[in-house]
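Multiple structures are listed underneath, in structure tokens.
Shared chain: chain A. Partners: chain B in the first complex, chain C in the second.
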Partner chain A sequence: MKALILIFSGAIVLLFAGLGKNERKLLPLVWLTLFLALAMNGLEYFGWELPWEQQWSSMLQFNKFSLAFNFLLILLALLGSMLFVPRLEDKGADVFALMLFSLCGGMLMTSFTSFFMLFLGLEIMSIPLYVLAGSRKEDLRSNEAALKYYLMGSFATGILLFGVAMVYGTTGSFDIYEIGLRYTGATMLTGMSPMAKIGILMVMFGLLFKIAAAPFHFWAPDVYTGSPGRVTAFMATVVKTAGVVAMFRLFAISFGIADNFWGPTLAILAALTMFVGNLSALRQDSFKRMLAYSSVAHAGYLLLAILVHNQNSGKALLLYMTGYGLAALSAFALIHKVSREQGREDVSAFDGWAKRYPVESFALLISLLSMTGIPGTAGFAGKYFLFSSAFEGYTWLIIFALVLSAVSVAYYFRVIIAMYFRDSGNDASSVEGSAMSVRLALIICTALNIAAGIAPWFILERI
Partner chain B sequence: MNQSALFLIILLAPLAGFVLNGLFGKKLHALAGWIGSGAVLMSFICSLFLFQRIAADSTPLLFKLFQWLNVGNFQIDLSFQADRLSSVMLLVVTGVGFLIHVYSIAYMHHDEGFYKFFAYLNLFIFSMLLLVLGSNFVVMFFGWEGVGLCSYLLIGFWFNNEAYGKAARKAFVMNRIGDLGLLIGLFLIYFQFGTFEYSQVFEKVETGAYRPEILTAICLSLFIGATGKSAQIPLFTWLPDAMAGPTPVSALIHAATMVTAGIYMVVRCNVLFNYSPITRDVILYTGLLTSVVAALIGLKQNDIKKVLAYSTVSQLGLMFVALGCGAYSAALFHVVTHAFFKALLFLGSGSVIHALHGEQDIRNMGGLKKQLPITYWTFLIGTLAITGFPLFSGFFSKDEILLSLYDRSHWLYPIGLGSAFITAFYMFRLLFVTFHGKFRGAEEQQAHMHESPALMSVPLIILAVLSILGGLINLPHYTGNIAQGLHHWLSPVLADQPEHHHGFSTEMMFAALAVAGMLLALFLTRKKYLSDAVVPEADAEMTGMGKLIGQKFLIDEAYDAGFVQTTEHLSDGLHTWSDKKIIDGLVQQSGKLTGLMGGLVSKVQSGNIEWYLLLMVLAMAAILGVNLFI
Partner chain C sequence: MNAESLTPVDQYIYLSSLLFCIGMAGVLLRRNAIVVLMCIELMLNAVNLLFVSLSTYMGDASGQIFVFFIMVVAAAEASVGLAILVMVYRNTRSTNISFLDKIKN
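And then the complex of A and B:
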């Protein structure tokens, strides 16, 4: 709660402090806000509570689960703000302020106990994003991305709201625990009414849209490719995490009892998502678009956690999101770097990178290995625990997921091969060092990724 | 300082050195060497503190960093243990390691990869510490693989030379074969005992909770691992080739520390080996054979480092003889003294090579005594120590081994004695040909010849002192109540130890026999190489038995014809038949199929928003329909 308030106030201060100023000058303020929020969140995790905080207990719940995920969200936002240095001509504080507002929305989505808060969080998170996607005003693709995201996003919101109404209609409550209890009674006695079924499925559709799972993923490749780099990174990490966690909370607490109803549907959609994501990524030449599809594929793996929705899969989810978030952040940051330098984002832009940028290349290497799920990285640990938690109930799905992970080697390694085994036409003189903050953030991402891969228990035991 | 901090500093200091030098070494220039050495010194100092604690109380100190893996019943901890055995190894690794680091600062001074060299050396020390400090087989295995990797990197350090790269690969492959044995051993241990922790495994063996044939299989597999790392027959041929690496590497890794890992492992598992007499016999005969064969080959080598390399193989053979006789403390005693004098000899040879700008052939040396006095005197001390000159460290440790060999079998004793005699022969040959007589190299070399700088000579002097005094740690029985220090020190970790009961005169007689052999070798070589000034013949001029020995008994050639060629033919055949036709076909077809599907899937992504919305609505309708009506 304290972190949430801090970030919110920070965003408002930024709006006023930064009128017309160059974005770069505001960066330290953003970092400070996020860093303090991170610290507060940490203290809260270890038990620091103020007396007035009890009052929100019927709407929000800050327990170890939500605080651990909030910590991850703030960390990802902080590293993201370090990895993307604004260009000189970028003016105005609105971009940062909007990102912080969006982060606040994300934090509500990890800690809601009422449908009100879920919806509020979702919208607080999404509306700034529609603007952010179009924040590069002179870029046509950015404009297109914003419009597409907005149109389809509002469509999805409508579906979700429709679902919420149906759920309220069958249970008479917005409280997620209360709904869980009502469903227990209802399913025990009579089986589920069509209205309850439609409600659950509609809510599912709305949330699947937010995490870009098939067949509601169509927006993702286009929007990810068109949006400015930092917004894409933010969407792929913070927004995705918040979406998955919200879905996990809701489906574990409210709809958990009815999982033999929605389980098969979600399992098939998960398989579809992995299939579409991985196979489309195979065909891309643009690295950014490839990562967009890979992000869809990862959403498919993440749905496994929701299918199982128990303590272990929640832990695995935290680990997986940590690994994926850290890896995706550095990967998107380096795409940003390469596109700024060479004006293109395709895989061949990375030819011979390892010689020119050893540190950056190593960071990208670890990220890609982690996304592939090579042992020693957080990505492997995450996949391992996620898959093993779901193995008993959904053996076929896990085998399918493993096959598709093997396919993913093909596209992730294309970049590694380009970096380490190809020669670039350019000579070494065109090396343009990264800024200090970028380098530091890359090192942190890489180190955390490896550390979490070697000692995953430090993360798993946080919930 | 508390115990965990000591453990952490010992382990992390070299790791930090590796990271620092690896990341920023290029910018640190000469500082890289000092950072590398400082890191090891820090480990050494903390090892001394740890040693002091263990001296006061013999119960092992345990340190659990964290639980590493926990899957069902399968648990592996990243935990460490310091007891009487590992503390001795700790001091040797960090102490000798530190001296060699300092030496390398001067030796590698001009090398381009200066910082890389120290990064690798630090990584090596770290891996070696993992190996000796681990409290279970898995941590040991990680260290074991780590030192193998570093050895590979350092043998091929000058990778621009193709032959060096090949030598590195050979070492790596040979070690891999051994490692496979070790790995099988580890799996069997887990299969039989259900745990990897030393203490639990040993406890179960002592209570008899095992099947004897499996225990023998375990011991044999572990020993195969040891033959790889410690260069014993049949896996010894990599060590002489490993001399391609920089000389400090030969001293540290291929003489003083890594190659003794096999001996450490057997001593650590002495409980297991005690219950498998067959394996102990295998060890004994393998060690004895290696010791004699390698010593014979050493007789005809003309490369200063190769002579020392074969001598190392031969000495390691002797240590295995001791292990085979169950005289674990004697083996460890020889590990320690050997670390002193062999490191000294290698560093001395490095000093010679340094002075002669890369010359390694002893036929082009001679008379170096005058120009390189410090190198000469320290090399002389090293030679006297290894040949077993009375009161030098080698004298005590070798006698200890020969004595236990005599206890084991009166018939094998002469063979061991013979090996020691040959050792004395080739070592004095090396000494005389290199340092005495007239200089046989180019004029130019003589003009530029110079004694090595202080950074190199001081470690030489310290090691020389240690080579003289090293015997004090385990004096023979006849010295009374100060005798057998190391033996008593190790008694808490050694299960049961044969005590030899010989009278004063018997022990004296054995010592006299060994000394007599040594002196005989001294006089023979002195006459041949000093008085008659014979220069060893080139490989091409050798005849008869000498030729066979000079060609290293054709063992390399036999391996090449037997294994390498056969494998190549087999793999060629498989490549053309199964790989190209079956596997490639399958892979290509499945690749095509995946690509095709990928194409279909991405066709859907047209960029048209109405199309997307339509698809989404259709999908929702389909899902709802299926769920509601079916």
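And then the complex of A and C:
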């Protein structure tokens, strides 16, 4: 809770600081806020100031589960703010403040115990993002991304709310534990009513929209490609984590008892998501668009955790999100760098990169290996624990997922081959070194990724 | 007033489901962004109607409080949406969403 208050007040201070002329001081202020929040969250986690299981009038609950995920969210936001150097024309203050507000919404979504907070968290997270997606006002692609994201996002909110109304109509409560109890009783006595079933399905569809799972993913490639790089990275990491965690919490606590009703639907959608994401990524030339489809594919793998919804899959979810988040952040940051230098984002822009940028290429290599799931990286450990937690009940789905992750090697390795085994036509092109903060953040991302791959138990024991 | 003269709650459920479906069809079929925005509002208001009638039916006030939250959020969302629309209009001189296919090409 204190980390949340800290980030919120940091965002307000930042808005006022933007009035002054000292634009240079803004970015360190963002880093300071996020770093303090990270430290505060750590202290809360280890019970130094507050007991773990603190409830805030049955609206929010900060236990080990939500504090661990909050830590991950703040860490990803901090690294994300270090990895992207603002352009000269970007004013900065409003963009960073909106990002911090959005992060606050994400932190509510990991710790809600009531539909009130789920809804408010979702909107506090989404509304700043609609603005952020369009933050390059003159760029038509950014405009298009903002409008598409806005229309699809509010459509999804409407569907989610209709589902919430149906659930409320069958249980008379907004508290997720209370709803779980009511549904347990109802299932034992009479079975689920049709209204409850419609409600659960619509809540599911609304949340699937937000995490860009098929068949509700069609907005994602356009929005991810059109938005400014910083925002895309934020969407693919922080927003996706918050959405999946909210869905996990809700389906584990409230709807867990009815999983033989929604389980098969979600399993089919998970298979469809993996299939569509991986196969469409194969055909893309633009690296950014390829990563957007790969992010859809990863959403499919993450749905496995929701299907199983037990303690082990929650742990695997944390590990998987750590690996994917760190990898996606550095990959999007390097796409940003390439597109600023060469004005294009396709795979051939990376030809001969390893000679010019050894550090950056190594970071991209590790993050692509991690997304593929090569042993020694966090991505492999995450996939291993996630798949093994779901293997008992959903064997066919795990085999399908393994086949598709083998397919994904094809498109991830295209970039690696371009970097290490191709020559760029123009060797004379000037080598523009990255800023100090970017380099530091890339090294942290890579080091954490490898460390989590070698010693995954350290992260698994956090929940 | 006896109980029979009151409208039963299931008719409210049918009405709000119908309104919701009209809104959803509008979002999916119409090409004018302003009409799409109106249809999203219609969907949210259908949800509001559903919440209020269910809340009265069950004699529990929290459903009506939820409606206030939806209204506030819908207002915030609509203002952001209209701002985005103005921004798009300045660049394209149109509110037709089928013009928005620049990213793919």
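Here are some notes:
Quick note on the criterion: the second predicted complex is superposed on the first by the 446 of 463 C-alpha atoms of A that agree within 3 Å, B and C clash if a C-alpha of one lies under 4 Å from a C-alpha of the other, contacts with A are read in each partner's own complex, and residues count from 1 in each chain.
In this text, a contact is a pair of C-beta atoms (placed from the backbone, for glycine too) under 8 Å apart; a residue touches a chain by one contact, two chains touch by 3 or more.
No experiment lies behind these values; they were computed from the predicted model shown.
By the touch criterion defined above, A:V131 reaches chain C but does not reach chain B. After overlaying the two complexes on the shared chain, residue contacts for A:E341 are found with neither chain B nor chain C. Looking at the shared chain after the overlay, A:K197 reaches chain B, while chain C stays out of its contact range.
Within the superposed three-chain model, A:E123 lies in touch with chain C and out of touch with chain B [touch as defined at top]. Of the two partner chains, neither chain B nor chain C is touched by A:D259. When the two structures are aligned on the shared chain, A:T225 is found in touch with chain C, with no touch to chain B. In the superposition on chain A, contact of A:G172 is made with chain C only, not with chain B.
By the touch criterion stated above, A:D351 is placed in contact with neither chain B nor chain C. Comparing chain B with chain C, more residues of chain A are touched by C.
Of the two partner chains placed around the shared chain by superposition, neither chain B nor chain C is touched by A:D94.
Annotation: chain A residues 148, 151, 155, 159, 222 touch chain B in one complex and chain C in the other.
By the touch criterion given at the top, residues 115-116, 119-120, 123, 127, 130-131, 134, 137-138, 140-141, 143-148, 150-151, 154-155, 157-159, 161-162, 164-166, 168-169, 172-174, 195, 222, 225-226 of chain A touch chain C in their complex.
By the touch criterion given at the top, residues 13, 20, 23-24, 27, 33, 36, 40, 43-44, 46-47, 50-51, 54-55, 57-58, 60, 62-63, 66, 69-70, 73, 76-77, 80-81, 83-85, 87-88, 91-92, 97, 100-104 of chain C touch chain A in their complex. Chain B meets chain A in the complex at residues 66-68, 70, 594-595, 597-599, 601-602, 604-605, 607, 609, 612-613, 615-616, 619-620, 623-624, 626-628. Per the touch definition, chain A reaches chain B in the complex via residues 148, 151-152, 155, 159, 194, 197-198, 201, 205, 209, 215-216, 218-219, 221-222, 261, 265, 269, 275-276, 279-280, 282-284, 407, 455, 457-458.
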